[in-house]
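What follows is a single structure, and I will ask about it in a moment.
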Amino acid sequence: MRPLLLDDDRALPADPATRAVAREVYGATRDLPLVCMHGHVDAAVLAQDRPFSDPASLFVVPDHYLLRMLVSQGADLRDLGVATTGGGTVETDPREIWRRFCAGWHLFRGTPTRYWLEHELHEVFGVTTQPGEDTADALYDHLADQLAKPDFRPRALFERFGIEVLATTDSPLSTLPDHATLRDQGWGEKVVPTFRPDALLYVDRPAWVADVDRLAELTGIDTGTYDGFGEALRARRRVFVEAGAMATDHGHLGTDTTPLSPAEAGRVYAAARTGQVDPADAAAFAGHMLHEMARMSCEDGLVMQLHPGVLRDHDRAARALHGPDQGFDIPVATEFTRGLRPLLESFGRDPRFRIVVFTVDETTYSRELAPLAGVYPAMRLGAPWWFLDTPDGMRRFREAITDTAGFYNTTGFVDDTRAFVSIPARHDLARRVDAGHLARLVAEHRLGLDEALETAVDLAYNLPRSSYARRT
Amino acid sequence: MRPLLLDDDRALPADPATRAVAREVYGATRDLPLVCMHGHVDAAVLAQDRPFSDPASLFVVPDHYLLRMLVSQGADLRDLGVATTGGGTVETDPREIWRRFCAGWHLFRGTPTRYWLEHELHEVFGVTTQPGEDTADALYDHLADQLAKPDFRPRALFERFGIEVLATTDSPLSTLPDHATLRDQGWGEKVVPTFRPDALLYVDRPAWVADVDRLAELTGIDTGTYDGFGEALRARRRVFVEAGAMATDHGHLGTDTTPLSPAEAGRVYAAARTGQVDPADAAAFAGHMLHEMARMSCEDGLVMQLHPGVLRDHDRAARALHGPDQGFDIPVATEFTRGLRPLLESFGRDPRFRIVVFTVDETTYSRELAPLAGVYPAMRLGAPWWFLDTPDGMRRFREAITDTAGFYNTTGFVDDTRAFVSIPARHDLARRVDAGHLARLVAEHRLGLDEALETAVDLAYNLPRSSYARRT
Amino acid sequence: MRPLLLDDDRALPADPATRAVAREVYGATRDLPLVCMHGHVDAAVLAQDRPFSDPASLFVVPDHYLLRMLVSQGADLRDLGVATTGGGTVETDPREIWRRFCAGWHLFRGTPTRYWLEHELHEVFGVTTQPGEDTADALYDHLADQLAKPDFRPRALFERFGIEVLATTDSPLSTLPDHATLRDQGWGEKVVPTFRPDALLYVDRPAWVADVDRLAELTGIDTGTYDGFGEALRARRRVFVEAGAMATDHGHLGTDTTPLSPAEAGRVYAAARTGQVDPADAAAFAGHMLHEMARMSCEDGLVMQLHPGVLRDHDRAARALHGPDQGFDIPVATEFTRGLRPLLESFGRDPRFRIVVFTVDETTYSRELAPLAGVYPAMRLGAPWWFLDTPDGMRRFREAITDTAGFYNTTGFVDDTRAFVSIPARHDLARRVDAGHLARLVAEHRLGLDEALETAVDLAYNLPRSSYARRT
């Protein structure tokens, strides 16, 4: 049995002089509320507030970081309890799934998954030994006991975590019933929806025709024409604004934002309605719609989030068997300077507009993103995303972008969490890494300690709040 | 009021053991003369030697680093005193402009602008408090007093800064009157021109036809044909050589250097003379002319500098309103291996040739630039440029290129300064960062201290001199 | 005279707290046997076991790292003893060549060549002063004396170095006579061949037609058709398997692995047989053949190695004069996500398949390679290759990939050595750098010391062995 680490100084710089400063800077942020502007937790979890059922379905089955690592060393997703659309026996015993995860614990050495899990297990559940074959059953029993207690229900944890606001990610066709429930119960300011319209903007998706029919039905607006489509999108955005949404989110493959002429847009739209759209036209239309989404953001004040550059479902057979988001999404090189130019030329200096840009291509930090965010007032850089939301990834981000974008053209920390109980671990880690970065600047006499303390609080709390404040 | 920092150990590594070595290495270079082979200071400033008029027009209005950061947080360039070609009131009160800058001081935390300004304010002007809303007026008065004194005129500062030589950047159509004045006054070796012919090489520029007419007028050579154009360029280069120029400078968007056949070059040239040139032809011609510029460098010994990969005037409306160089230039991914191949195959092993390559795309450091400079004798790597001329940017450069290119295939430090009074700050920072890098090698027992001291002096002084020595 | 450094703590982190941990971690691996799964030493050197002739032909003439640095500062390859196919006098006096190398010793400051050479000179040959003009002759005499002794013959050094296994790189047309000799002498498990079929897969190479004729002759299989070609390749792979080969190696320019239909492949093959193949078809065929090589690996269990992204012979004149591998190979940007998709979709989850991927484009570490290796069980990341096989290059690799791929989706250290006597230096350096990385994780409380010790041994020994274990 190996003890869980979780030293008070974890993830702070090793050099003693820098660490002492980092500890002080971190102290200024460690107890601040959590502002969670980009989450993937299902609102139903909080609306219904049911106990989590077991350790495997809380920690293992829904965590694509964790699944992909086990798969990379030969595990089968079915043996980890991931449902299939086709054949094969799926493991249903949560204890067996938990054991398989524990047996692979060494694979996570040096990864943020390891770091987050240790934090969760220790800080949330009081675990003091590392997972392993020898400890799997005892840990399972301990966790199952805890999960049965009222203190471990979703809302109790939400309060205990100090979450001030949590944004969910929602279909543009959702009627947001769980958010309505939450609002009725006084949780309306705590849990807010986010408008994620990708499915409607990629007009060559197989389900697209049905989806725009549903859009018409929901809004009472005829979506038979491109103009009607635009009006219906505006109507749905209004519903989200009324439900408390602060932002939209866009997960396009590329960054093209070139507007089409209305005639051209109408032509592509009409073709798509017949189900016979050219793939190149569909891609151009998606880029055009990003430009239109920016226009609508100027109108209704929703902050626009862009998360480009991920090739989804790299292994199409795995997708066919298990569905999306199982770890087979892989980044590609992404270009921002030319791609975002039309959008930024149109709206980048418009005081009503705010765009937050994320990337999984860190080569763009110093070359494109920091120079763009460092001049266009509408643009802010989101936190390092996904594969880069790691101690070294966050450090490299600050080192590469601060020179040109400073601290105040970033949003501060934005988590991107599916795993509800990992939220505090992620914020805590970001605060530690930012403290380390600021401490290095202080130790190198590039910044005063008073300024570092102020900046740390801005990154942890004030910038996420102000960056996502609705603009109208 | 916050005090200015400016610790003696600033920008040196925080680890005490490494810092002690870095301090010693830095001590070997801190008082060496400044060799400034790539400046953007106007020769007229030194030829006329008039007092600087006020703090705003010295520090704020001409500094695109500083303007872009204020704009990124919502400032209007007009309110910062930047002239427009169109409408809008431009602020004319320098004190008001200075106040706006001081109010945004916190935005520069962690940026090199902050670092340089602190150095300038403290070391050049004796300021001991940071800019801020509370100190703006007092600082303004103090700086205005200083600027009125004879010790703060351009030539007095030039001497005080210890500048040994300063290269300016000049139009290929310039008759270099200010350089002539300087030469007559014994400053001819201190201030030298640089031949920057981009405007003549991009044949689809609106003013190109008029410019080649002017070229003919200046040289007495008929530029109606491609051959005449080449001869006229050679003539102008000779004028620059006679005026003391050591180098040319080229700011192309890409790195293509593919030569055209004489017939093809003549065809494109003839089309361009009619104002009816195809954009693709114009781009190919620009690449061809880089190859020709290298050929001419072999003839006349001017060192060729290449600064590619920046998309100028990203926001065309800002360009239309305020002109170029106001902070809206954004880098793009740049390719060197294939682009430079024709030029390097033709001239890369020619002992008469020297090319110095800069980049704002640091992804090319270890992949392309260090491998190229590490084998072709004609090629040296310039210092980290523009958005990368920062403490962390310079550190990453040395860490990424030294393995393959060593120290002696770099030019040592080359500043790229528009802001005259920031020159010492920039050299001082580079010497500190190189000292830190060398100190780490010493602390890790990868280099002897005696070698580190020798190398530091080479990087600060000998390599800039030898890299820019005219080759014939 | 400068003393050779070679401090016990060399290449370990400078911070004293981290260094103490690193020293302990390094201690766990420093004496482990060397597993050398990807070498370029000629098997004949070991089969014949003749003494090395002189210092210049051992250290200088065959080392392209060293040659390229001297060339970059103006040396002529002929003066360094490199043979030409054309004119010019080639230096034949090894002492003179050695002197030229020693005079350029300062050029290697900060490079791994310097680091390796110091290790070799001190640890293998007992040298205690640095090379230099003043020491060149004395060093030459000392080294020449040593080389004449039986203890410095190849096999004696092999044993002294603690090499457990050394893979060579071999032509697919080789009959492997040296390996047969070695096997007869009981060295069959120590020196194993590697199947490197590039020459047969690029069907537009001038010698290709002759090579496939030779392939037919060797195998007794008619290579007049595409099907026969495939059968003949299978036969040759079997010969390599029987001779102890564990792996294939592929040095394609790109990463395309798109399969062609059998008909299409047959059409291109038939055209190539006539010597009239379209270059685009030839490139597509090479990509197709990578896919086929993966299929054959599933059949015969050979581990597939891919080393893409190098433009060979950048200076074609240098190639024409001196042949390949003289330092003029330059990396280009490389794409893996889309390129490897067909291959990984076909075989990436096949338990019979293993692919080890190398790169000289470190921008792909966090963006593409770690995400791919972190989910596909067949894929492992090789060690930083070539220009990245350096202290800082190895550190950046671990920092960029561990977050997503962990340690156990890498192969641990794989050297790529032409210079036989540098093998221990390279392994020692990698063990030191990995120790430094692990020590930082421990010092930052991200990993336990016991785990770091275990992981270090895995990286140095167990992972290279298991990653290259034949799969069937």
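What to note about this one:
The letters A, B and C name the chains in turn, as written, and every chain counts its residues from 1.
As a convention for this text, a residue touches a chain if its C-beta (ideal position, glycine included) is under 8 Å from a C-beta of that chain, and two chains touch if they have at least 3 such contacts.
Per UniProt, the chains are A, B, C = Uronate isomerase.
Fair warning: this is a prediction, and the values are worked out from it, not measured in the lab.
Judged by shared residue numbers over all numbers used at their interface, chain A and chain B contact each other through mostly different positions, with under half in common. Taking CA atoms, the transformation carrying chain A onto chain C includes a rotation by 120°, reported to the nearest 5. Centroids built from CA atoms put chain B at 40 Å from chain A. Residue positions of chain C touching 2 or more other chains: 15, 363. On the side of chain A, the complex with chain C involves touching residues 2-3, 5-7, 9-16, 68-69, 71-74, 106-112, 114-115, 311, 314-318, 327-333, 360-363, 387-388, 390-393, 396.
Per the touch definition, chain A reaches chain B in the complex via residues 15, 17-18, 335, 337-338, 341, 344-345, 348-349, 351, 363, 366-368, 370-377, 379, 399-400, 402-409, 440-441, 443-448, 450-451, 454-455.
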